[in-house]
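One structure is given below, encoded as structure tokens.
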Amino acid sequence: MNSDLMFFILAGVILVFSVLTVTTRRILRAAVYLLFVLISTAGLYFMLNYNFLAAVQLTVYAGGIVVLIIFSILLTSHISERAVVANWKQSLLSALAIVAGATLTLISVFRFSFTASPEPAAPSGVKDIGAALISYGENGYALPFEVVSILLLAAMIGAIIVARKEKIKVDEKDLK
Amino acid sequence: MNILSLFVLVPVLTIVAIVFTKNMKQTRLVSAIGMGIQLVLAAVLIFMYLSERNAGNTATMLFMYDAVWFPTLNIHYTIGVDGISVAMIGLTAIVVFAGVFASWMVEYLSREFFISLILLSSGVFGFFISLDLFTMFLFYEIAVIPMYLLIGIWGSGPKEYSAMKLTLMLMAGSALIMVGLLGIYFNSAPDGGPLNWNLMDISKITIPIEMQRFLFPFTFIGFGILGALFPFHTWSPDGHASAPTAVSMLHAGVLMKLGGYGAFRVAIFLMPEAAHEQAWIFIILTAISVVYGAFGAIWQKDLKYINAYSSVSHCGLVLFAVLMMNETALNGAIIQMISHGLMTALFFALIGMIYGRTHTRMVNEMGGLMKIIPFLGVAWVIGGLASLGLPGLSGFVAEMTVFIGAFQHTDVFHRVVTILAASSIVVTAVYILRVVGMLLFGPIKNEHFLHLEDAKWYERFSTITLIVSIAAIGLAPLWLSDMIGFSLGPIVQKLTGLPFASLF
Amino acid sequence: MTGTIPLQFFLVISTLMFFIGVFGFLTRRNLITMLMSIELILNSVNINFVAFNKYLFPQHLSGHFFSLIIIAVAAAEAAVAIAIIINIYRNFKSIDVDKVDEMKY
Amino acid sequence: MTDYSYTILIPLVPLAVFLFIGLTGHKMKPIVSGLIGTAGLAFGAILAYITAISYFWGGHEGAGYASIKAFEIPWLHVTKNLTISLGSLIDPISVMMLVVITTVSLMVHIYSLGYMKGEKGFHRFFAFLSLFSFSMLGLVLATNIFQMYIFWELVGVSSFLLIGFYYEKPSAVAASKKAFIVTRFADLGFLIGILMLSFNTQTFDFQTLVSQTGPAISQPGGAAFMGLSVLTWSLIFIFMGGAGKSAMFPLHIWLPDAMEGPTPVSALIHAATMVVAGVYLVARLFPVYALGAPDALTVVAWVGGISSLFAAVIACTQTDIKRVLAYSTMSQIGYMMLALGVSGYGGHDGLGFMAANFHLFTHAMFKALLFLGAGAVIHAVHNNDMSGMGGLRKYLPWTHATFLIACITIAGIPPLSGFFSKDEILVAAFHHNPVLFYIEYAVAGLTAFYMFRLYYSIFWGKETHYHHTPHEAPLVMIIPLLILAFGSIFAGFLPFEELVTSDGLPFELHTEWAIAIPSVLIALVGITVATIMYRKVTAIPDKIAGSVSHLYKWSYHKFYMDEVYLFVTKKIIFRFISRPIAWFDRHVVDGTMNGIAGVTQFASFNIRNLQSGKVQQYAYVFITGALVLVFIFVFLW
């Protein structure tokens, strides 16, 4: 029962802060709300006994990405700045669309009866995960692991190149 | 090497040679030499063709050559000629040759100009020698597309508008033709077996009549747009008015013939049953073209518009004759194509020359030019007389053959439209004489014109080439008409005996 | 284990989170906020993967790893996106999405 | 049988001359080109005389004169049965025409050497004259109807070129244009007629057409349209061509204006030769008309009769001397047409046919004489309005004498040639159609009247003061006048009833004095009236004109035919057909095309707004689209 209660608390936090993230007009607050959402999501992972995943969620998302976002906010905006929100027409239309979409999805979700599998859970300790990540064949994830590493490398280089400040070339003609 | 392939090869080599020329003088010299060779080749071809025929060779197509170039779709490079194509090749060679001399003084981007011009001509030659429908279409496109550049870059007046209009309308025609050709291709083997594009092979089978009914209008209208079929002719006045001299010559003289030739070679020859069923619709349209173009020309003031409408009228007569579908009328149609090609090329050349001197094309601003520039004046009168069908010049032969041919149909409908079309000879006389009177005769209206110079040697050369050809056909039409007539035999055989659907 | 919470509940959470993210993406003008909305969307997907993995195929870890990789991808994406945003800010002096319309027509 | 193939040279020599002068004329001295042209024609004339003598008097096989196809080459195969050939056909009428044309043309050539002296474009003039002679000779020698049509058109064009010789004068340009277009319109009828005739008979050849066992005559066909057979209709259409060329009512309007051309041209083309081409055409096809389609012949007769009266009335009031002569020509050709129309076939029935050709012959002589005489007058006073003339008999004695001879001839006073030919026509008309006969009586009187009105106005009447004293024409112009005067006097004694008959056989001619004497009397009355009115300056003409002012006014304005034509062409065809078509083309047809382009552009312009560059808009569309698809696939499928 405890875990049930925990779920509802987490769910409530997630939903409330999600909504706040996308509705607040203070952008730095939005980042903080997002942080709460991500932490709560990590909580859900803990509940499901995926401890390693939860840890990654906390370190990468909460620790990495949010920090990155906050830095970039500080680089590009003033603290006091209020975000511009779309006009009411656009908001209304979007709201209608997402309500319809959510309804549609939820109806499909509830029309399908999922039966939980009785099988025992696979071990998901750090050691098992590490082994799976470097093994291949059945239950081995070496290939995605490598692909993601290359992707990260590429993204890193790309990000550096894109964000690098270009030297301003001064045209000699303009000087004269 | 097959002599026919040379007709495509020589222009291509000329283009390559032009690329290496350094200035305008070299460029035009190279072009003139290239097209001169082409003219000689055409003469040789006519001679070889006639001697083959005299030697008793009765094959439908001579100088055949065949090579596959896209096996997946069974597309061949099939070439061969009969009397009709030979005649058209001769026409093209003459007009292109005269066109090069008419554009002797193009200074702006002359290299690019001649390249486009000759590219266009290679497309036309390719079209006339091809027997493979796809290859034919390919050459057709090659002929049509440089037109856009030629008008858009070297034209005058609202040239971008005109170039766009002309190209778009002709492209619409191409689209229709493409539909028609694809339809023919997919019905080229009704009894199974591989599909093919070969004109002669397809002519031996009968395309299912339901398909014909559907495909014939596409093909005919598609080619008809290029042949200035009413009401798809409006590209012609605008396009011609904006086009530079040589381009107008080539376009009206040769390119519009592609329409008539295609309508006849592809649409009617391959789909005779549908042609007979639907002929009456198109006969009405073409009869309208003939009379309407002539009346339209009366009221125009711009020389090029007058000539463009006159072309509508004359080309209408070509399609009119084609739709009569008997040997005499078809013969007349081909002669009319050649005659009109030469005549209108002459007119456009002269308009260009006169415009180059007076800087106006409005007839009401000119007058008395005969006195100042007698050579051009006389040439104009000769062209005009040819256009209104004076015996001894080519127009007469063509028109009379067409009318006699059209008169072979005894029903009221054909009689009425024939007489209607024949009445155009009067209206033609009206607008031709009106222009001659306003332009050449009467008092001189503008004293600046008093200092105009008569034709230069290259202009004389261009004009005389055309006039001699016109007179040659007009004085001795027998060899031409026999050459065409012989080749019409197998085509007419396929056409005869089919009942005409008629309005009445 | 998770006790009596049925799978559907997780799905509801993730659905709502997803559409809230979409809503944010559609209504916010600020590029960074839009990026945050995208993070929400990705997160909701992660939840789905994990939940399905846990309830339907507990003997495997596929969903788990998928989430893991998505987190990595999200990190990469965030890094690149922020680089781009900073670049845009330099060029346009704004990170309002509507002002970045040089490529229009 | 004599070989006549050399006759083909008669037209070919002028053609060669035309090409030679036309291409090189501007390099030579003017007089040289004139002499070359004249020499060419002289050669043709000699050949024509040789032909005539050997044909008519060189002995012939069988009874009558055969029609001989002397030369023929195929020119164009049109259908399996129909071939257009070029060649020469020798029979009485063509030989007669050869003589007429070459004689008159030669005279005109010689005359022009003097008349056109010093004109710019002297060589051009002779080149065109040669071209005309070539065309006209080719026309009369035609072996088939299509050859005739070919040369018919060429004749029209030479006429166009010659009328517009003074191309800087707008009136000349307008006149040449008018002449060409009106005859062209008539030729359309000719062409349709040829098409109908040739389609039904499957031949163009004259010999086949006129043969009595040929397809035209033996199978005339039943009534096809409005009660007349196809043959009749085709012949009526063919006659329309002839009527246009011969300036028959109502296609005559070009002829008076054609007088804008140089006077020798008027003499050659618009008096003696080209305008009688219509008569020649009907004569050529006469057996078909007479035997196959008498109804068509009736049309010919009436058109001829009406034209002759109509023209004679107008001629009485005109003041331009060349116009008077032009209307006189029209009137005389009306006579010839009428004669053909009232003729039958064979023997004495064919009197009208013979008379028409006879009159054609004599008319060519005296009308050419009149025109050349008028030319001499104009040459002397540089004016062609008779109100500016008078008393010229003192200055121009030779011209005066020859002109008087011509006037007497045309009035039909014996024993000059005009009397004989006109008398035969009256006899033929009397036997056939009394109404027409009386019309012709009246016309004879009118003819005498207006000719002498002309004569007196020029040579008598008031003494006018001229800027410089009129001087007699040079010898080179007088000689042709004398030769033609000689012809006018004596041509009447030629035995036409033996030479040119409808069936080639000679017949006996009786002079019917009951008709001849009244006609002479009527002519004398006309002359007397003219003498009273115009010999001295009197007030009588004005009084008479005042008393019949309406008629006078109508006649003076040529019964407003020009105005009617102008109305039809300028107002109706130009304004109400051509201009609307031009407008329609630019605005409706082209407008549709532009409209299609416009719609495309409009659509693309609006569709472009979808590409707004707003990411959120794209996302919105994308998401809603995805949702709709999901909805469709999940819930509706």
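By written order: A, B, C and D. Residues from 1 in each chain.
In the analysis below, a contact is a pair of C-beta atoms (placed from the backbone, for glycine too) under 8 Å apart; a residue touches a chain by one contact, two chains touch by 3 or more.
What you see is a predicted model, and the numbers here were worked out from it, not measured in a lab.
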Most distant chain from subunit D, judged by the mean position of its C-alpha atoms: A
Subunit B-subunit D separation of Cα centroids, rounded to whole Å: 36
Where subunit A and subunit B are represented by their mean Cα positions, the distance between them in whole Å: 70
Distance from subunit D to subunit A - Cα centre to Cα centre, in angstrom: 102
Approximate Å spacing (C-alpha centroids) for the pair subunit C, subunit D: 98
Residues of subunit B whose C-beta touches two or more other chains: none
Junction residues of subunit C - those touching two or more other chains: 22, 26-27, 29
Shared-contact residues (touching 2 or more other chains) in subunit A: 86, 90, 94, 97, 101
All touching chain pairs, where touch follows the definition stated at the start: A-C, A-D, B-D, C-D
Touch list for subunit D against partner subunit B, complex: 74-79, 82, 84, 146, 149-151, 153-154, 157, 160, 164, 167-170, 172-174, 176-177, 180-181, 184-185, 187-188, 191-192, 195-196, 198-199, 573-574, 577-579, 581-582, 585, 589-590, 592-594, 597
Residue ranges of subunit C touching subunit A (in the complex, touch as defined): 1-13, 15-24, 26-30, 32-33, 35-37, 39-40, 43, 46-47, 50-51, 54-61, 64-65, 67-69, 71-80, 82-87, 89-90, 95-96
Residues on subunit B engaged by subunit D in the complex (per definition of touch): 165, 168-169, 230-235, 237-238, 292, 295-296, 298-300, 309, 327-328, 331, 368, 370-371, 385, 388-392, 396-397, 400-401, 403-405, 407-408, 410, 418-419, 422-423, 425-426, 429-430, 433-434, 437, 440-443, 476-478, 481-482, 485
Touch list for subunit A against partner subunit D, complex: 86, 90, 93-94, 97, 100-101, 104, 108
Contacting residues of subunit D [partner subunit C, same complex]: 608, 611-616, 619-620, 623
